[in-house]
Structure formats: C-alpha cells, structure tokens
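Same chain, two partners: chain A is paired with chain B first, then with chain C.
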Partner chain A sequence: MASIDTVTTSSGPAVPPDPPAQAGRARPRRGHGWRRDRFAYALIAPAVLFMVAIHLLPTLGGGVLAFKNLNTFTFSQLFGAPWAGLRNFEAILFDDANPLHNGFLNAAGNTAVYTVVTVAGVLIGGLLIALLLNREFPGQRIVRTLMLAPWVVPSFVVAVLWGFMWQSDVGIVNKVLVDYTGLLDDRPVWLLGPNSLWAIIIPSIWRGLPFCMLIFLAGLQAVPKELHEAAAIDGAGPIRRFFYITLPLLRPLIAVQLLIQVIYAAYQFTIPWIMLGTNPGEHADLLMTLIVRQSFSNNLFGFGAAASVIVMLAMSLWVVVWLAAFRRDLETQR
Partner chain B sequence: MTRRRATNWGLNALTYLVLIVMLAPIGWLILSSLQTNGALSSGEYDVFSPTFEAFSGMWKSVDFGHYFANSLIICGAAALFATLFAASAGYALARFRFRGHRAYSLTVIGTQLIPGSLFLLPLFIGFIWLRQNTPISLYDTRIGMILVYTAFFTPVAIYFMRSFFQAIPRDLEDAAMVDGCSRFGAFVRIVLPNAAPGLVATFIYAFLFAWDELLFVQALTESRAETIPIGIHNFIAGYAQEYAQLMAAGVVSTVPVIVAFYATQRWLVRGMTAGAVKG
Partner chain C sequence: MRRSVALALTAIAAVLVALALGACGGSDDDNSSTGSTGESASTGSATSEAKSFEGQKVTFWIMNNGPHPVEDTEKILEPFEQETGIDVDVQLVGWDVQFDRIRNAAVSGEGPDVTQAGTTQVPFFAALGGFEDLSSRVEDIGGESAYAPGIWGTSQVAGQDGVWGIPWFTEARTIYYRSDALEEAGVDPATAFTDLESMRATLEALKDVKEIGGKKIMPFGMPGKKAFDLVHNVMPFVWDEGGQELTDDNTKSAINSPEAVRGVKYIADLFPEGLADPSMLERDGTQVENQFKGGRLAVWIGGPWVLSSIDREDDTNWSDAARENTGVAPMPKGPTGEANTFVGGSNLMMFKSSDVKDAAWELIKYLSQDDVQTEYAELLGMFPARLQPQEALGQQNEDLAAFYEAIQTGRSYAPIPQWGQIENAYKTRFGNILDAAAGLGGEKYSEAVIQSQLDEAAKEADALLAQSAG
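And now, the complex of A and B:
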C-alpha cells in the first residue's frame, strides 16, 4: 500500500488539480487504469456478492420489518405483514404501559453497565498485564503464549465453566471466598438477582483481556528504548515515563481497542444466554438477549427489528463520538 | 541496587501469579471433567484418581457427535470460503487504488457495526419464505449455515489477509509479470504461495470465530444443522445436574480450537497485531 501511495502522490503535483466535474482522482501510473480497476473489481466481486446477500439486503430488510406489525397472528404473511408505521418505535421508547418499553429500558441499562465495566476491565487489565509481560524475565516466551489461552476458550464454554464456578453451594468461587479464606460470612448467590450481572461481567473480562494484552504488548515493543533511556537520564521515574512516553504512544491503539471492545460488549449474547438461560432475568438481561427472546420466543419480530434499529443508531452515535474524540490520533499515526 | 533487584524479583513473582490466576479457570475445567458427578456435587474432589467416566458418558446423554460433526463441517467450510474470498478481496485492497477503494474498505468495517439481530430476523424470515415457496432449503441446513458464516466472517478475514499482502514486496509480482505472467497468474502463482502463512492464519481466525457463534445458529437451525453451542445448551436443559459430563463437553469443545490456535500461533499473532505496529 505504501508503494502505491507514494506513486500516486508523487505523480500528483505534475497533474493539474482535478476540476470537480471530472470527479476522477489522479489515475495510477501506466495509462490503462480502467483495466486495472476491472481486475480489482473482479477480485472483490465474490466477497461483495456475499456481503450484499447476507449483510446488506437483510439489514435493509430489518429496517423494513421495524415498520411492520409482524407477530404470531401475522407471521404466516412474512414480509407481507401489515405496516405499523412508527408504532413499534413509539411502544419501545415512550409507551409506559407497554411491558416491552420497561424491558427495553432495563436491558439498555444493564447493557450500558455491562459494557462500561467490561471494557474498562479489559482495557486496564490488558494494559497492566502487557506492561508486566514487556519486561525481561525467565520464561518470558512461554508466559506470553500461555496468557492468551483464555481468549481461545469459546464463549459458550466460558459461560458453562463460570456458571459451574458460581454455584452457590459447591462452586469454587464461594468455596474460596467463604470456606477457605473466610472473606465473606454468607454464601452469596451469583446466578440470580443483582449479582448475576457480575456473574457475566467477570468471565467476559477474563476472556477479553488476553486479546487487548496482545495488542498493547505489540505496541509496547514498538516504543523505542532510547526514549525511555533518555528520559531516565533526565531523571524521570517509571511512573512519569509511563504517563509521558508510553501512554501517549499507545493512544491510537487504545482508541481502536476502545471502539472495537465497546461494540463487541454491547452486542454480547452468548455468555448470558448459555449461563443464565433464554431469559437471564431482569438484572442480567442484555439488549441482544431481550431482542432474541421477544422475537423468537414471543414472535414479536416487528419489536425485535425496531429495537435492533435503535441499538444500531445508538452504536452509530458512539462511533461519531469516538471519531470526534480520537480523529487526531488516527491521523498522526499514518 | 539491591532495592532494584527486589522490585524486579517482586514483579516477576507478580507476573507468574497473574498467569496462574488467568489459567486457573481452565485448570478447574479440566480437573472437574476428570471427576465423578458425585465428587462435583459434594465438592469433594479426588484429584489423585481421575476418571474418564464423564468423557464416555457425554456422547450418550445428548448426541454430541452430531453437534461436533456439524461444527467441524460448517465452521471448516465457512472458514475456507471466507479465506478464499478474503484472499482475493484483501489483495485488491492491498495493491490497487481502484475507484471505490475507500468506500469499499469502509463498508467492510461498517458491517461490524450492525447488530446481529438486525440482519438475523430478516434472514430467518427469508429462509422460512424460501422453504415455503421454493425448493431451496437453507433453514436448518448445513449449506444455509455455511452461507451465513462465510459472509459473516469474510470482513474480518479481508483485513487479516490485507495486512499479510502488504508485507509482501511488490517486486515479486512485477518480476513475474516481466517474465510474462498475467496479473491473475502473478497473484495465484507468486503472491498466494508467499502468503501461505497468512492464508493459514486467516483460516484459523475465521474458524475460531465460527466455532463460537451462537446467535445465528440458535435462530436458523432446529435439529439437523445445530452446532456445539446448541448442543451445550440442550445439555444444560436436559441434564443440568450432570456437571462432570458438562465439563467434559466443555473440554472436548475447547480442544480443537486450542490445538488449532497454538499450532498456528506465530502467524495468527502476526495477523492480529498487524494493525498495532503500523496503521
């Protein structure tokens, strides 16, 4: 990519600036640009075809369903179900009498807490472990490799395993907290009630951490040693060096991880669904579990589609906020 | 100086401690799968006499072999197709500034922003419609799941492959084309063999994600094409007290991906961190 960039930009000054009507960018070298484009289009064609069929068209279809009254009674009509106008959206966002309204607000609140805590845990924990692993120590290679293991354990296994570990009577967590160390006097119930949100947050952090750690470790290794040495000679301690050298250099990586991890966490489905069941209960119901349950168990497909559209808009808003906050970091990196 | 050595030693110890804490749940999974059900429900583990009872029992409780075979076929085929499509699309993005380049690469990332449920519902309804009105059967078939997963994991695979192609010097293709290779010939005969580690890494990466996918498979299948996560869910529904077998099932479903990951770890890590070191 770098070579292409330099070719096009270096030929840039020779070409007079394009008038808008021409709408073409500076053509690549070697006059036959169109033939080259044709080859590129042929290369992307299969992927484009699949993405149109599975991503684009169904997403548009979902947008249509959001305005349809598709439920148990109209299900046989499929896409021909009667129009509902904005009623699905009104019911979700404003109708206090509608149980779906409360369900949605509750799930949105849980998802917000889940996302903020999980992402904070993953990013901060990942950075701290990356700092630890960035030092010279015996067994460095094997420790770095083994640290990735939780990320490879499938989410549904994570849910089953932690669901077992959270068991109130025989689970290892309570055994350690109550029986072995005596930190707590009563055995907490993890899989029901307010604790159940923590029962899905902690395994999510555990599984997500290694990926972030890996990215940050790669970033740390790219920080020139001379910077730290020079600062150390000038009398900067490790903590000041972290805040004035390491952290600013990692900022673009942190920004990208923040973006990805928020989207990933907000769309979490597997861990609550396997650990706590199709209805995780009011304390741990996330947006995705709510939408899937209302759509497929209660046949409220119009509701599900409308709620999905709202979630998508909220995520787009997050991307806009993110771009506004980090645009500069992304540009300086290039 | 001694103080510095003490800190260093303390940080080393902390590192090993963190590793132990991170690996402990996996150790607990393995340990529990080697116990009898009675030991698990009473909490009295007998670490020194492991038993493989649970591993033989789990295949009988639910038809785990059926789910396992489905997972292997669906995820393997989908990862293969996704890798092939991503290889060609990733090459186009890495090498050519075609018209729509930027729009296309933004669209590829953009797909990751769509909540699964938004395109899941129409896909489900579309699959049902196809079953009712045409002879095409995608609902609850392996082919249907392979199609969905191929599309699903192609975008990430494209970014993966692109970073591998960017690391291959252009001169290789230029030389091949001087020697009379066509563009496509140069891609297939020169670039792809050089990108072999990238192809393997992309395949495994897509496979790992497909193996873990639950949202779509729980909606688009009901008996014939169900994969391991559904098997685990059915297991919990029917045999909630069989913890030992459940843990054994967890081990069995983790082994393929752990082996695949560690066998190709060097290339995988390169692909995953490619964006980290350079834009």
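And now, the complex of A and C:
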C-alpha cells in the first residue's frame, strides 16, 4: 500500500493542468536555495522521518532477509540467521526440484491474468460508465452517488459478501443464473477449481470501478464543449468524436490510472485471502497470498522476502515501461 | 541543489543510525533481562517450599475456547486466586493470530508467563527456544502415567528430552449421524459404522433417503481445503489402511505410500459416487458444522463440542429434527483392525522469560487437578486431558463413551517442529484431490490423480524436512 501512495504522489503533478510552469516559478534563484527553503524542509522533516521509519527501513530489512536462510529453525535468530547468498532467488526462479518454484510460477501466472483482466475491466468499465453519467438526465446526481457505493465498502466486506454470493447451492449468483433466469442448466461452482480466479476478479472490478469512473468523469467534464461542437459542425459523428477528441484528452488520466491500478492489482491480497482462505488453491493463488502463506504460516521468511524482492523489481520494471510509454503524454500537458 | 541532496541524505543516514542503535539497545536489554530472570527463577525454586505467592501476577494467554473464553477461565480460577494470592491476568488471543503472537513472544522474550497452545504446535514453539522445559516439575501432577499415551505424546518433541507443554484439554473426532435418517434407510446405528465397509454400505443406503421432513439431506459431507482441520479428517482413514504421515524415523514423508493412497481414495471416492455433498467443499469447517446442525447432512465427522451444543437453546443453527436425532459413533475400523482418529486439543506452555515461574507453575498445577479439568472441559464442551476425569466423563452416557474410546486410541502427528508446515502442504493436496473427486478440479478424477497429488505432497514435505539451521 505504502508504495502505491508514493507512486501516486510522484505522478500527482501530471493530473492538474499546468504544474511544470508553477514549479518553475517557485525556484527562480538557485544560489541560496537551502537557506530560503529551510522552513519548508523543517515542515516536511517529520513526514520524511516517518516514511524512513515505517517504510524505508522495513523495506531494507526485508531486502536483507531475502539473502538469509530464515526458516523454522533459524527464525529466532532473525537478522542473525546464516547467510544464504542467492540461494533463495535461485530456488524460486530456477530450481525445478524445489516445490516453492512451481508455487511461485503458478502464482505469478495467476497474478498476471488477474492483473490484466482486472485492470482492463476497471478502466474500460469505468470509462463507459463515466461516459454514460456525463450526460444530462433526471436523477443524474443520485445515480452518480449510488455508483460510488462499492468504493466505500472495505475490501474485507467485499470479500465476505461475495464469498456468500458465490456459493453454488444457496448463493444469489447461481440463484439468478440458474433458478430465476434459467441462463445455465447446471449450477457452476465458483469458489473451487478454475472458476475461482473469476470469483476474485469480478468483485475486484466491481470494487475498483467507481474510483476509476470518478476520475474519468472529472476528466470528461474538463473537456471543452467547443471542441465537440466544432467537430460536430465539421461532420464528425459521436464515435469519431470519442476517438479523436475525448480519448486523446483523457490520455494522461488513463496513464495515471493504469499505473496505479496495475500496482494495486498485482499486490492484491485481501479479497482472495478472505474469500478463499489461507490457501486459495492453484487456480486462484496470487503472489501476495503465496508470500504471506509461506512466510507467516510456514515460517519460510527467507523465501517470502526473496519473492517479495522479485515482485518489487518486477513492479519497478513496470514503472520504467510505463514511464517510457507515457512520458510524452504527461509532458505535453505543458 | 547538490547541497540540499547531501543534507537530505545525511539526515536519512542519521535517522537510520539512530534507529539501528535503538534496535540494538532494545535487544541488549532483552538479553540481560532474560539472564537475570533465569537466575532469580533458579534461586526462587530452591526456596519455593515456604514461599508465599501473595501479590504475584501471572499473565495467561488463552484462545477462543467455548462461547465465553475469558469469563469461563476467570470463573475456574477464582478459588485458585483466593487460595494462593496469585493474581492471574487472563488475556484472550484469537485463534487467527495466536500462532504469530506466541511465536513473536517466544522470540522477543516479551510475552505472558503461561500460554495455551494447540497440541500440534508445541514442537514448533519448543524449537524456538523461548519455552521452559517442565520435566523437573511434572512429577507434581503425576507425570506421564496420568495421561493417555497419545495425549502425553503432544508434550514432547521427537528426538529431544524435555516436557514442553502440559495437556490441558482434549478433543477427538468421531462420527455424528442422524438416527432418523438411519432408521428410514433401515440401518442399525449399532453396526452402521463399525468398519470402513459398513460405513460405505450405510452411506449407500442413506442415498435413498433423499429428504427428511421435506428437507433435502445428503448422506455425507465434509469441508475441503478451506477447513483448517482438513488433515485431521482425512488422516484417520490413512491410518486405518496402515499408512502413516511420515516414516518411523520422521525423516521422509510416507503420504504417497500405497496404504496412504488407499486411505485418501476411500474418502475421495465418496464424491463421484454421490455419497458426499460436493458443495460442502466450498465451505469452511464451521460452516459445514452448521450444515449438519441445520439438518442437511446425515453423517459428518466432528469434535465433542458439537455434542454439548445440542442442549444449548441459544445455538440457533440446530434444526429441531437434528437436535432431537443426533447420535455419535466411534470412527470405523480399518483393515488393520484398528479404529483410528485424530486426537487434539490444547496444552499449557511456560515462557522462559517469565519472572514468576513458580507462581506460573502453581497455575498449571491447579489447572491440572482432576476436578478443575472436569469442570473446565464441561464449560467448553471438550474432554479433560487427564485419564481419570476422562474415564469418569466417558461413563456418563453412550455418546460420551464413544468419545472416550476415540481418545484412548486416538493419534496425533509426529511431534517435530516442521509438522505445521507439512500439514499445510498435505492440506493443499488433500483439498486438490477432493476437488477433483467432486469434479471441480482442473484434472479428471482417477487413482492416478491421487497418486500424483500425494507424490507432490511428499516432495514438499521432504523439502520441509530437509530444512536445517545451517
């Protein structure tokens, strides 16, 4: 979570209209920067100390543990546990004989599918609903407020609620699909087997959608009406206007959403853990549930730390790719 | 610009150093305090005979035992506190967090004086080195001979001298059945579950009883991988076939042996044959328990607390029909002629870091008195851990006799520190097998699936057994 916050703030300036210009005005003379800004540094110092203490230090600690042989027998030594060199990483990434290797690859695959589908669902769904709600219609405000409801529900509650809804014999989902509408003949089992990945993807989209919609709605309302009017006069239909006016103007917002949502989805833990238990099973085991289970239930803290480092590196790589892909969009805001 | 970066870095470095020093200081304190308490405890025990405990405070961690854990325990301890002057601070630590909290307390040396721990957790906690070896004290409470062998075994760590946890209360799994369903199926409860074959025949007969009082009922149901105790429900059938969880010397897994495969197959086969309700696999242990109470299952495997909840008006999960017609039978006998079941429960462990060890032992001693054991177990719907009060309870009625019998022949797992992890690995694989058997897994169910899943389980267990301190 903390890492998501930092990413959000660092990419924050991209959202408002023209932050680079303002930043340029803020420091005209470079010579006496420190003395002039002393007060500002004093103000942010507590926050920096706090971040170092609760964020940076544990991260570094985790990084150290990734190179330790930390298991049932050495757990009590914690940082004094014997060094393992790169053995933890080797076992996870390459050692076919090590059961942790298969578990990790499987969870990584599930996490990839989960992330792609969830993020695509949230972004596309959020945009569609935002487009709908951007029109004038009676009761518009009430509908908008209602649309935000899933966002207010804590993930924990989402998981518990959907856990009941998915139950094959008495859950509302199958009641609707089978008993009320007859869309399906057999009652599908959602919480076990291959369907269980969908059982966590769908509630995740359901919960992620409102926030995304809110951001897009704000973006849509900032699109000048004159552009649409001018294009309409030139004969552009609604679909062309969407692709040539709306979408390009929303690109920076899409970029930011993409960054946040991918990281959020890749670090998803609460929903599978609460809905499917400490071991969601091979079809729905995500990286975070695997790492927490192996670390805290199985005392394989060295493995957990090494796997976390790998995930962190993968996420850093994603940020680099993202920057390369969207840097120009963010800068053209000027 | 460059200067401010340097300054920021210096500031961060300063904080890091300060925190690192703080952390070291903290651990130094811990070491010195455990050292000194160790001394005071040893001098203390030398003069313990005439010692008064007046004003000493013992902190005691308990888990959610029964519906009112803290009140029940405090009630039991009232006479003890009056008699000895020891003030017992009973603190509730939920089952969901107890593993982490006890482990952290044992490692950091900052925790209570006495804690409850699950029987299969004792070897792991003992291996952390934060707990007191109680072997010099256990003669006070009758030692080994006061307990059934399976239960006393849970106080030990394999290959190591010492007594690490005193058995507090006990549970064992038995068969619960609906006598009205059996009657309708024309099966005599007395012989319905004597061995594996008769149990299957009983379930076959129950298949024709599709509903009772207009309510659908399935012959059998058990939870799948969502239940924390899945392994406790499957292993009895493995033991029945002569299989074992590990080899005799605890160095290798034995879960993929032909006997173990037969045992797992027995229970998994109930699903494709329509004898077990597949939807139960989606639920956790408590939810399936409530399905039996609600009258949707004719046969189920459960612990003694369910029996004692029948008379509780406030347990609204019970349907009237189930409340009035529930019976209990010992687990079936296997081809080996033995009836195996899992026996578990909780033990009491004393922290090495406690500075009131003698008072803490007085508490354990009090909780190990026969009458206190009986009274407490009754409050929880569990069985006492000690032999004599167990016997007395077993003589009260037929259902309790079934539990008493189960406990005497009950088994637990190999007492090794890695057991918890191995159990997790087995649980995953057993869960996969049951899912496949119910047609819900990725693979088509066959004996080959059981074999390959158990091979994987054995591979994982072997890797866990190979863990070392090096």
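Following the convention adopted for this analysis, the second predicted complex is superposed on the first by the 297 of 334 C-alpha atoms of A that agree within 3 Å, B and C clash if a C-alpha of one lies under 4 Å from a C-alpha of the other, contacts with A are read in each partner's own complex, and residues count from 1 in each chain.
Heads up, the rule we're going with is that a residue touches a chain if its C-beta (ideal position, glycine included) is under 8 Å from a C-beta of that chain, and two chains touch if they have at least 3 such contacts.
Since the model is a prediction, treat every value here as computed from it, not as a measurement.
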{"item": "Which of chain B and chain C A:Asp37 touches, first, second, both or neither", "value": "both"}
{"item": "Touched partner set for A:Phe94, first chain B, second chain C, both or neither", "value": "neither"}
{"item": "First (chain B), second (chain C), both or neither touched by A:Ser168", "value": "second"}
{"item": "Per-residue contact with chain A, leading partner among chain C and chain B", "value": "B"}
{"item": "Which of chain B and chain C A:Asn298 touches, first, second, both or neither", "value": "second"}
{"item": "Chain B/chain C common contact set on chain A", "value": "37, 41, 48, 53, 57, 78, 169, 296"}
{"item": "Contact set on chain A toward chain C in their complex", "value": "30, 33-34, 37, 41, 45, 48-49, 52-53, 56-57, 69, 71-76, 78, 82, 98-100, 166-169, 189-194, 276-279, 281-283, 293, 296-300"}
{"item": "Interfacial residue positions of chain B with respect to chain A in the complex", "value": "8, 11-12, 14-16, 18-19, 22-23, 25-26, 28-29, 32, 40-43, 84-86, 88-89, 91-99, 101, 104, 107-108, 111-126, 128-129, 147-148, 150-152, 154-155, 158, 166, 170, 183-184, 187, 208, 211-212, 214-215, 218-219, 228-229, 232-233, 236, 243, 246-247, 249-250, 253-254, 257-258, 261-262, 265, 269, 272-273, 275-277, 279"}
{"item": "Residues on chain A engaged by chain B in the complex (per definition of touch)", "value": "1-4, 8, 24-25, 28, 36-37, 39-41, 43-44, 46-48, 50-51, 53-55, 57-59, 61-65, 70, 78-79, 129, 132-133, 135, 137-139, 143, 145-150, 152-157, 160-162, 164-165, 169-170, 172, 175, 206, 209-211, 214-216, 218-219, 222, 253, 256, 263, 267, 269-270, 273-274, 287-288, 291-292, 295-296, 301, 304-305, 307-309, 311-312, 315-316, 319, 333-334"}
{"item": "Chain A-facing residues of chain C, complex", "value": "1, 3-4, 7-8, 11-12, 15-16, 19, 99-100, 103, 106-107, 124, 127-130, 224-226, 228, 278-279, 281-284, 417-418, 420-421, 424-425, 427-428, 431-432, 435, 438, 440-442, 456, 459-460, 463-464, 467-470"}
